């Protein structure tokens, strides 16, 4: 019986040691992941992935927006942390200013957003693209698609993105109203494209660069720019949007620094390219390696 | 016998469960060496009476005085150490071996060292013929074996009084005899006993006093000879006619 | 289908992708482990208060516990996570992993409390009474008699809760944390594989393997506890 009790005790001690070892091991690993999150002077929120502006590389957020933010940080001699959050919450968090001072996530300037935050000067102009299955393309107009071609279709887009907002407003009171077209908000651009192949939606709307990435890796898909129809075919004009960085209305020093950096980066060189253009190419080219 | 000290006095004991009045003022005294059998129809409050004595149920009103000290919530554990209880459903600790069941209380209450308690437990187990069950779990014991272990578990604390709450009601007829003879043996050694039972012949044989409870009151009490052959009240006559 | 398998092969032959999945998996485990630890401790406290004998000192604590369990169980985890991140812990620079652990820990506590409460109530009151009749203290009765029996009854449901929490932590990707689910999204994104289906599938395999392992361990514990239940003399 003594033997039994001793064995029992030994087993319990073993379990306790095992438990403590696991707990301490886990605790240390958590400690190190916390140590990564340094206490920064400013927090800029973003939404990953939105290549080439922000995406993960070895689980670190990199991209054009990150380079801009880093440039601002060194100019101001302050530390700025970049934080990945849901796209939908960025504007609200920047407006509140409690956990974020700015948002850099390929944000398009809209009046509703401008009411809540200050925007920097636009630093990139993107065209909206329609992604579709090669086997069932929408009616084309040469090298582009016009809104009218999407009548009656099921259209997917990343919820809260500019593409989503465009489609939503066209369905509510624009070209697509009464056409039977529907919008489906999907978790990300990528999933919206996957949804075409799963026949959940007919087309997906995304920014030019995102769309180009997606069709490059998915041979079954193609994408063309989305245009507003003019009176003649030559008068058609693209659905454009301009990206800017959203800054909390009280952080004027941050807004000024961003604008300063952006104007530097938007100076054209002898080839007519800006530094931003070069960065876009650099981060896009990353995948060609 | 008459000069012995009174161990236990109960005055005006009342117990209500919600609106249900179960005990309606019971006065009772217990003297050392007595063997009191409590009889009564079902629902008369006899089990509740027994359970109130060691505060399994907290009395609604009334006093319980044990060894000259009034029992309250504060000194209840001392009282229980001296008043053992045996339950209808044995209530052996199912997560422990028989041995652990026996030594838990004396060791935890620091009445004995573990070795000492184990030795005493083995003696008692041998006495009831179950030494081989020391390391068994209760689930492998028969009803009669469980109840006998439960009785010696109570005896491990050497209580002054032992309360039995229908100790044989959940047993098959064969086991009843074993349990009753163990109780009888305790009685022969001068143990003070209170027992609620339906075993009339056993009651007649063992009791020094019979108490009849109905509707939460003591209706009649007396020696077993008086009670069984010459009951004073109509209610008891009626009851005896049914059960004998 | 061919496409699926070639993408699967691509994923498994790319060390960076595997590395990302493992990093994501670590975060999933970190959050789950500490959340479950908090849940177990807090859940036990709540269950103890809830099952304690009523007294005037416990009226308020009991009420608070009941409201707490009701609110947590009555609202979606995703909303609780958002409230934690964007309302309660809306503090600049506060580590996300701590917020996530607290959010899931507080959530799990409510469920654990119900499981533990059920386990305690499943122990026959006769066991407590027998302990009282022997003059044992409430503490001894609980630790030596009620708790060991309750634990045996609790184990299966507890295993269930562990599994639920591990899977539910997948929603931390909604607040930008790099867990297993986010790793799948990352690998599936434009600059990587540009297809969600295969990485999602592989992440699901990770969850499945983990949960299979935990189910196995819980079954072993259950078995060893049952054995002692029926052990006969040597």
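As written, the chain order gives the labels A, B and C, with residue 1 at the start of each chain.
As a working rule, a contact is a pair of C-beta atoms (placed from the backbone, for glycine too) under 8 Å apart; a residue touches a chain by one contact, two chains touch by 3 or more.
The model shown is predicted, which means the values in this text are computed figures rather than measured ones.
Ranked by number of C-beta pairs in contact, the top chain pair is A-C. The central chain of the assembly on a C-alpha centroid basis is C. Subunit B has its Cα centroid 77 Å from the Cα centroid of subunit A.
In terms of their C-alpha centroids, the spacing between subunit B and subunit C amounts to 46 Å. With each centre defined as the average position of its C-alpha atoms, the distance from subunit A to subunit C rounds to 32 Å. None of the residues of subunit A touches two or more other chains.
Residues of subunit B found to touch two or more other chains are 135.
Multi-chain contact residues of subunit C (touching two or more other chains): none found.
Every residue of subunit C that touches subunit B in the complex is listed here, in rising order: 124, 126-127, 129-137, 140, 144-145, 148-149, 152, 228-234. Per the touch definition, subunit B reaches subunit C in the complex via residues 54-56, 77-81, 84-85, 87, 89, 91-96, 104-105, 108-109, 132-137, 139-140, 150, 153-154, 157.
The residues of subunit A lying in touch with subunit C in their complex are 22-23, 26-27, 29-30, 33-34, 37-40, 43, 47-49, 51-52, 55-56, 58-59, 81, 83-86, 89, 92-93, 96, 98-100, 188-191, 193-194, 210, 213-214, 216-218, 283, 286-287. Residue ranges on subunit C touching subunit A, taken from their complex, read 16, 19-20, 23, 26-27, 29-30, 33-34, 37, 82, 86, 90-93, 95-98, 101, 174-178, 185-186, 188-197.
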